[in-house]
C-alpha cells in the first residue's frame, strides 16, 4: 500500500514535470534552443498567483489566469529581446544568453520578493481522498494535478495537429527556411510557441506551489532542469514523449527518495539524464536526425 | 629566442605574464605599506583561485568551444581531496608550504581523474546536451559530497555515507569531512604567493598548450569537427585533452581555495559558482586568457569595494551575460560595438584581408 | 588494333568493368578499388551499386545533376557515412573497419562542397592542422617547450611556406582564414587537404564560384600538383570545361547510380549521357556564349 501511494505521488509530481517539459520540448522542437530560463518562468508564475491570492484577495481561478497572462507576456518579451537577435548565432551563445535570462529572473525575484520563502495557499478545490479504510491517502492536489496534466496534453495535441497554428509549428520545426518560403511567419510561430510554453509554465508554477507550498526565487530552477530531463527522456520535440518522460521521471524521483536516499534523489534524477543521453539520446519517442555534410 | 618574440601571439602572452607579475608586485608593495583593507586581504587567495578557475574554464568554453556548467564540481573534488591530503600530511611534513604544494597536486590529480571519468561519457555529446550533462555531473558531485563522512584516526582514513558516528573513530581520531557541514578544522595553508605561483603555472600550461600542435587540434575541433576528422585529427582525443586539463587546473584551484579557510562546505561549489566563473570567461572574452584574468579580478574585487554593488551584483552578472552574447553574435549590434571598440584599439591580432588590401581576386 | 590490345590488357585488372578508365596504371595496383558501394537513408537509396577503380596518379571526375549522390559518394569513401553495402580498397587495403580519422591517415584527403575551413585560425595554422600527423610531438613536449617542439614547429612552418607557394599565397600566412576571399578559401582548403600527404585527394566542386580565368588557373594547378606529388585526384565538378579538360576518366552519376563511365571523349559521345545530362548543359553553354 505504501508503494501504491508513492506511485501516485510520483505520477502527480511527474504530471507537473510533464507540463513543464511541454514548454521545453516545444521550444526545443521549434526554435531549436534550450530555453534555460523556462524553469524560472514557473517561479514567476508561482509568485504572480501568490500575489493575486494574498495581496489582491482574488480567488484561485482568476489568480491562475492572471499568472498565465503575466507569464505569457514575459515569455514573449524574453524571446523578443534576448533570443530573437540570436536566431542565427551559434548554440553556445544562445545557451549562455538563456542562462543569463534565468539568472536575471532569479535575481530580479530576489530583489522584488526577497529570499524569505512565501507560503503558498493551495488553489486545489478537491479534498483528500481516503481509500481502503484510510490506508491509502490520495491528496486532492495529486488528483487535480494529474487531471489538469491530461487535459493539457490532449488540448495541446489538438492544437498542434488540428489547427493552422499547429501546422505552422510543425512546418517551422521541420525546416525553418522552407516554412518561411511557404509563407509561414517563422517569427510569429516561434513567439506563439513561447507564449504557449510560458502559459503552461504558469500553470505548472501554480500546481507546483500548491503541492510544495514554499515559494522562493530559486523554486523554479531545479524543477526546470528536471523537467528538461523529462523532455529528453521522452524524446525532445515530442508531446506524448514529454508526458511519458515527465511521469516516469516523477515516479523515479519519488521512489528513489523513498527507497534509496532522500539526499541523493536529485543525483538519481541526473544520473537518469546522463544514462539516457548516452544510451538513447533521441529519448523514448524521439526521432533520429541525420546531420548533413 | 629573439625570433620567437617577433611572433605576435608570443608577444601577447608575454604581456599577460608581465601583467600578472606586475599586479603581484604592486599588491605586495601595497600590503607591506598597509594600504590594503583587511576585507580585501581576505579576498586575495580567493581571487587567485577564481583566476585559475576562469582560465581553466576558458580552455573548455573558449578554446574547445563547449559549454561546461559543472566546473565548480571539479573545484569541489580538488578542494576536498586537497583538504584530506593536508590532514594526512600534518604529522608527516613540517613545512606548510610543502604541505600546501602536495595537497594542491593531489587536488589536481584527483580532479583530473574525475575529469577523465566524466569526460568519457560527456565528450561523446555536444552542444546543449553536453552542457546540461556537465551541469548534471556538477550537481551529482555536490549531492554526493553532501552525504560523505570521512574521518582520520590511528587506523587510517575512514569513510561513511550515513553519519560521523558511523565512522567509529578510535580515541584521538577526528572527523575531516562531516556530511553537509563540510570539511572542518582545516589548518590554513594557502597564501597569496602560492596563488600567484599557481596562476603562473596555469598560464604556462594553458598558453603553451594553445600555441602547440595539440592546441591547434583542439581549436580545429572547435571550428569544424567534420573538417578536423577529415584531416586525421581524433575529435574525441583532443576534446578529452582539453577537458581533463581544464578539470585538473580547477582541482588545484579548489585545493588552494579550501586551504584558505577553516571550514568548507560542498554547497559552496554549486551551480552558482560554475555560473560565476562562466561570467568571468564570457566577460573577459571567450578564448581570451588575459581577459579571463582581468574579469575574474575585477568582478571579485568590485563587490568588496562597492558595498552597494553587492546587492545587485548577481543581477548585474545576468545582464552582463546577456548583453555580451547579444553584442558578440548579433550582426547589427556587433558592428555597432565594433565601431566603439575601433576607436580605442587600432590594432588587431590577425590582419583582415580587407584591411590588408592584398587580394588575389 | 591498339584498342584491341588495350582491351586485352584490361582483363588483368581485378574488376575491369568497374574502372573509370581501364587503360591506365595496369602494371601497378590501383589506389582505389570500390565495388558495389551503396547506402540508403531510412529506405531512400542514395547511392547504389557504385563501382570504380582509380589509378595511382589518375585525375578522375564524378559528374551528374544536383542531388545525384556525388557528395554522398565522397562521404562514403571518407566514412563520414557508413556504407550499407559494398567494399572499398585503398591501396589494396580494406577500409571496412576504419573511421574518418583513420581513412585520412591511410591516405584519403578531401575538400568540402560548402567550404569547411577553421575560420577563426590563421591561414598558416589551418595548414599546420593539415600537417598534424606529419610533424608529431606529444602534448607535454608542447607545454614544456622541449627541443622537439622547436624542431617540429620549424619544419612545419617550412612545409607551410612550401605549400602556400603553390598558389602564391605566402603573404597571406598570417591572415585569418575566415577573412579570405572565396577563391582563396577554396585554394586554402585544397592546400590543407594536400598537407595531410594523401595518396588520393577528393575535391568537391573545386571551381565553384570561380570565374573562367580562375578556373583555367585551377586546372593547371590540379595537373601540376598531381605531377609534383604523384597522387590521384578525384573531383566533383559542374564546370564541364574543367572536367573535360583535365579528367582522364569520368563517371556520370544519376539517381545514385553510374549511368556511364569512360574517357572525356567517350562520355561526350555517349547518347545516354547527352540526353540525361550533357545535352542540356551544352545547350546552356551555347546560350551563354551567345
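By letter and in written order, the chains are A, B and C; residue numbering begins at 1 in each of them.
Heads up, the rule we're going with is that contacts are C-beta pairs under 8 Å (C-beta built on N, C-alpha and C of every residue); 3 or more make two chains touch, one makes a residue touch a chain.
Since the model is a prediction, treat every value here as computed from it, not as a measurement.
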Chain at the geometric heart of the assembly (C-alpha centres)
B
By Cα centroid distance, the chain farthest from subunit A is C
Intercentroid distance (Cα basis), subunit C paired with subunit A, Å
49
Counting only Cα atoms for the centres, state how far subunit A is from subunit B in Å.
32
How far is the middle of subunit B from the middle of subunit C, if each middle is the mean of its Cα atoms, in Å?
44
Residue numbers of subunit A (touch at least two other chains)
293
Quick check on subunit C: which residues sit in contact with 2+ other chains?
80, 112
Multi-chain contact residues (two or more partners), subunit B:
226
Contact set on subunit A toward subunit B in their complex:
33-34, 82, 85-86, 89-97, 99-104, 106-108, 110-111, 221, 225, 228-229, 232, 261, 263-264, 266-267, 270-271, 273-274, 277-278, 281, 293
Subunit B contact footprint on subunit C (complex, rising order):
78, 80, 99-101, 104-105, 109-110, 112, 116-122, 125, 128-130, 132-133, 135-139, 142-145, 149, 152, 168-169, 171-172, 174-176, 179-181, 183-184, 192-193, 195-196, 214
Quick one: in the complex, what on subunit B touches subunit C?
8, 204-205, 208-209, 212-217, 219-220, 223-224, 226-235, 241, 350-354, 356, 358-361
Flag every residue of subunit B that touches subunit A in the complex, lowest number first.
61, 65-67, 69, 121, 124-125, 127-129, 131-133, 135-137, 139-140, 143-144, 146-147, 226, 271, 275, 278, 282, 311-312, 314-315, 317-322, 325-326, 328-330, 332-333
